[in-house]
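Per-chain numbering from 1; labels A, B, C and D assigned in written order.
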Amino acid sequence: MVVTKKIAIIGSSGYTGQALAKILTKHPNVAIKFSGNSKEADEKFFENISSGDFDLIFFATPNGTACKYAPQLIKKKIHVIDLAADYRFKDLEIYRTWYGFDRNDLETNSEAIYGLVEFKRNEIKNRANKKETMLIANPGCYTTSSILALSPLLKYASVNEGLIDWDSIIIDGKSGVSGAGRKAETRLLYSELNENCSPYNLAGKHRHTPELEMFFGELCSREIKLSFSPHLIPMTYGLLTTCYVNFKEDFNEAKLREIYLEAYKNESFIELLTEDIYPETRLITGTNNAQIQVNYDARTKRAVITCAIDNLIKGAAGQAVQNMNLIFGFGEGCGLATLY
Amino acid sequence: MVVTKKIAIIGSSGYTGQALAKILTKHPNVAIKFSGNSKEADEKFFENISSGDFDLIFFATPNGTACKYAPQLIKKKIHVIDLAADYRFKDLEIYRTWYGFDRNDLETNSEAIYGLVEFKRNEIKNRANKKETMLIANPGCYTTSSILALSPLLKYASVNEGLIDWDSIIIDGKSGVSGAGRKAETRLLYSELNENCSPYNLAGKHRHTPELEMFFGELCSREIKLSFSPHLIPMTYGLLTTCYVNFKEDFNEAKLREIYLEAYKNESFIELLTEDIYPETRLITGTNNAQIQVNYDARTKRAVITCAIDNLIKGAAGQAVQNMNLIFGFGEGCGLATLY
Amino acid sequence: MVVTKKIAIIGSSGYTGQALAKILTKHPNVAIKFSGNSKEADEKFFENISSGDFDLIFFATPNGTACKYAPQLIKKKIHVIDLAADYRFKDLEIYRTWYGFDRNDLETNSEAIYGLVEFKRNEIKNRANKKETMLIANPGCYTTSSILALSPLLKYASVNEGLIDWDSIIIDGKSGVSGAGRKAETRLLYSELNENCSPYNLAGKHRHTPELEMFFGELCSREIKLSFSPHLIPMTYGLLTTCYVNFKEDFNEAKLREIYLEAYKNESFIELLTEDIYPETRLITGTNNAQIQVNYDARTKRAVITCAIDNLIKGAAGQAVQNMNLIFGFGEGCGLATLY
Amino acid sequence: MVVTKKIAIIGSSGYTGQALAKILTKHPNVAIKFSGNSKEADEKFFENISSGDFDLIFFATPNGTACKYAPQLIKKKIHVIDLAADYRFKDLEIYRTWYGFDRNDLETNSEAIYGLVEFKRNEIKNRANKKETMLIANPGCYTTSSILALSPLLKYASVNEGLIDWDSIIIDGKSGVSGAGRKAETRLLYSELNENCSPYNLAGKHRHTPELEMFFGELCSREIKLSFSPHLIPMTYGLLTTCYVNFKEDFNEAKLREIYLEAYKNESFIELLTEDIYPETRLITGTNNAQIQVNYDARTKRAVITCAIDNLIKGAAGQAVQNMNLIFGFGEGCGLATLY
């Protein structure tokens, strides 16, 4: 018999929190016992709760919120999934540099698992499910799409020395507007963003750059430096990354495809597209799926790998629910497979 | 006294033809003597006209149309500006490979000037204005944006041996939907493209790849191979290219900016943006302007240069009018400066 | 134990057919045994099938298709739900006038139930479930929204003689573009419809006018003449109707709200909004829900009733599934409640 | 010789102010001597200026701003055009009720002309051009479209007693989002308004209701009560009104068309569309034009009249420039005819 788990959503009015609430309301094995914003869930709220009140708390809050409460919650053996960046960096110095917060929850931070499910599944199952750690850092939308697009190739290259030019990695991201959050700012108004395409934080200025370098560095056991270029495009949902990697030896598309087929053969949320079909964000909007295509240009010895996800689902709330399912030992796709 | 020139627009129902008609209707020095589609302007039409009927004919027609009529028109000393690809390639073999048409107008083809005004102005003034050539090949939207973004740097690098990695050039393009033309095809329906972002013809499969390589090759006097990745995004007008070039030596953003300031100091349609301001397609929609920003990332030794244009104006009809103005000796911005 | 029902979708490539397939794929009690277009499901196809092959066939085909095959199918005791207009009119003369088809399936036509579930539920349960009729005419999107908006008031007025001015009914509809279907026509291109709002078939020229007059006439047992004004607006999904009715006596908003509360108190797919909240199409997109608000202006003695639905779901495929659920005796919301 | 007039734009950062600046920058006969927001143009600013500094000042400011400074400006014989509502009501009590401001500039208010050019041209020419009044209240977007759509019919009916049902007037408006202004409010974010259609302030709750009733009342010399229903639809620019009027006698579309042809025969910014062509907002976006179609439904004895304008141009900045041109005796379309 499956026991219903008691969960809370902190930050329920933002787009990520709303998406989380939509999914969890229909999840067969959880009950939303609390859903509110950071004002309702204040210091007193967190002090007073006990492990009997909640099994897991989602933080869909701005950066700097989860780290205030996570230490006391995990002591009470309540699982925490933070959808912001607070626990994404093993090295807190990087967090401090890019996010500007001063923190001293070093111990808690070191316990966190970076919850990119497709590449951390066993660790989450082994450690979070057994309560050896209570803390998951849920990746963001650009990073999720980029990691799904590049990891199979980079991992393969890391054990085939000399195959690729490690300094050639470029990620060109195109994001729907909901990824920028639900803030009352002039730059996010309809009339500013409609019929508009614009880059921002180019040339190493975006926070996802160090996050991606950290993940790939760990995955490949080497230092990685890459370029990440985010763009806002006029749609609410959806995100596409176009990723470039240069080869030093001759390669071909068939081999590239084989690497990805092998890497994702058991993944239910990854659609590796057949030849000549390209990812379209509308086709995965509202789902937890990722569409991936791999191309190789022999003339330039360059792979072009594209990946489309729904920024609020696979890129945020959906992946968070995947993580929760692993923590509780539910089917990984529970509550996610029926998304329209 | 300025003499009114008699012009014709062939292909007036497409988006490019419509844009051309809008601009030329208000141009103070021309009279539109004919505007119609390829059926109205058939073989008989072109046989019967004489140099007294038209001073210049615009072809806003599909590929393979202008090359049928241009030879006889230029013999009659009627100027021709083709907005399609028929006369963009010095080497007709490349045209044949990518566009599939069999042609034998070699002589006419060799006479054509590639009308990227900012880089061909003198040639157009000297030769077309003096009727030494009667034929201009007007560049397309992706190519115009890419050329404006990359030419100053590539030209500079071509005389500073060892500065950049010539194999590292990548152009990631994002285009509004009108760039795909006004064809009754399912893939171009509103419901297929709205809330959607999708790449196409990746990894060297797009026709603009050889066009860009030809232009830059000539500009830099060396063979160029590059990657061009087009994407459709949900907006009608506007196009942005994000261009990447790796450096082999240390460089910096200030120097990069200087190169562009120097290159474009006298260009009235190029807005080189100040630091931290990024191009936005909506800000140049409806105008003949290009917005350009240059960024340099010292960590990766990579320049990221972005350029926004209106695909139908600076990327098609507007540039064609610039070309016409040069041909007739009008002010280059005549009819273009007052665009809203 | 629930028996799995075997169903077919004819017309699977249109937007309605696609929506139907999405919902039915996840429906726990049906198996899609066939899904294809009218070419695959040709005369031979229908001749060869028997009641053992399919329990129910959905026609998501153009007008004039279902009426070719329904007579033979219902003889074989296979249920038919037509999502087009073929069986919506009791009086075939009206169909002939507005749709231009010559037909002689009078007997079949007379058997059909107009499947606006909220107002025909008992008839469907009693007759279709018992196989006394095998044919449901599924209403279209504009009609569904208009009927949900106006029926409670008109029904109430029909038993309160002198309350409203029966000649004052106006329906102003605003529809997302997918409602126009998936046809390769220039007028439906992205660049034609984006950033555009346009009416069409005004002043009694739209086919939904007689359909609405028939339904309301039957509901109120009187002849009804009304104005229906459709508009296309730039969004893919969603439809809003703004409905006007004049009162002859003084009335008030509280009473109006009471009528609707009473009418819809047991309806799980109708959200009657609280005061000062207006329907928003985005809030019901992807669901089978209708959002309704009722307003009354004492100054002009006029009710303004607004209703938002997803044109492809509650306005087509979702309602068709509601009908199917009633036919088979499943829970009415089966497969619909979990829509994102 | 035309003398260059010195003008100021107060409120230059809003959408209306931006549109005004765009048009006036290219106007051949004016020089923008000041352009700034309400903070830069404070009390001191207005105290210090003299008639030599400015010939005319545009207020593209929030309601309640122009009325603070207009009295002193018109004393200095500086023309004032307010694009907000401060001077639109002859009866200040109505303004107070709907806009909530307490004011005592009664004398100034009584001097203002309501600048709906097509119906107030002579008054503006006679009085404002001769400096008998220095104050124009520029109408808003919904009102402009509604007045252009209904005035010819209502005026005709006012001298043909018994023709129409005066209590039957309904205006159903659909507006692009820029009409809501450039305010950092959550409800105006891209992700809230994209793929969304929603009504607001229904059933007599919108401020334009009394403004329309005042204008039509004056035009027809009778009290008018009407319904106005605004809707936001997902586009930046453009506005369409669908207007309904019931007839008491039999009428026909040909006669209706004749009334409009007569009324607008000399109007250069009004496009009365031929039969079966409907207004499309995209076709007038960026211009000062209005597209109007008239339809009559004999079955319901109801006229349906539709009018599309660009909300920021004909509905705001463009009309303000028309007014300015009349004041200074320039050609009425000066600076407006060349809008793309």
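Observations on the model:
Following the convention adopted for this analysis, a residue touches a chain if its C-beta (ideal position, glycine included) is under 8 Å from a C-beta of that chain, and two chains touch if they have at least 3 such contacts.
Because the structure is a prediction, the values reported are computed rather than measured.
Ranked by separation of Cα centres from subunit C, the top chain is B. When the C-beta pairs in contact are tallied for A-B and for A-D, the bigger tally goes to A-B. Distance between subunit A and subunit B, defined via averaged C-alpha coordinates, is recorded as 39 Å. Rounded to whole angstrom, the centroid-to-centroid distance between subunit A and subunit D, based on C-alpha atoms, equals 49 Å.
In subunit D, the residues that reach two or more other chains under the touch definition are 192, 194-195, 234-236. Across the interface of their complex, subunit A is touched by residues 15, 177-178, 182-186, 188-195, 234-236 of subunit D. On the subunit B side of its complex with subunit A, the touching residues are 167-168, 170, 172, 174, 176, 192, 194-200, 202-204, 225-227, 229, 231, 233-238, 240, 242, 244, 246, 253, 278-282, 285, 293, 295-297, 299-302, 304, 306, 308.
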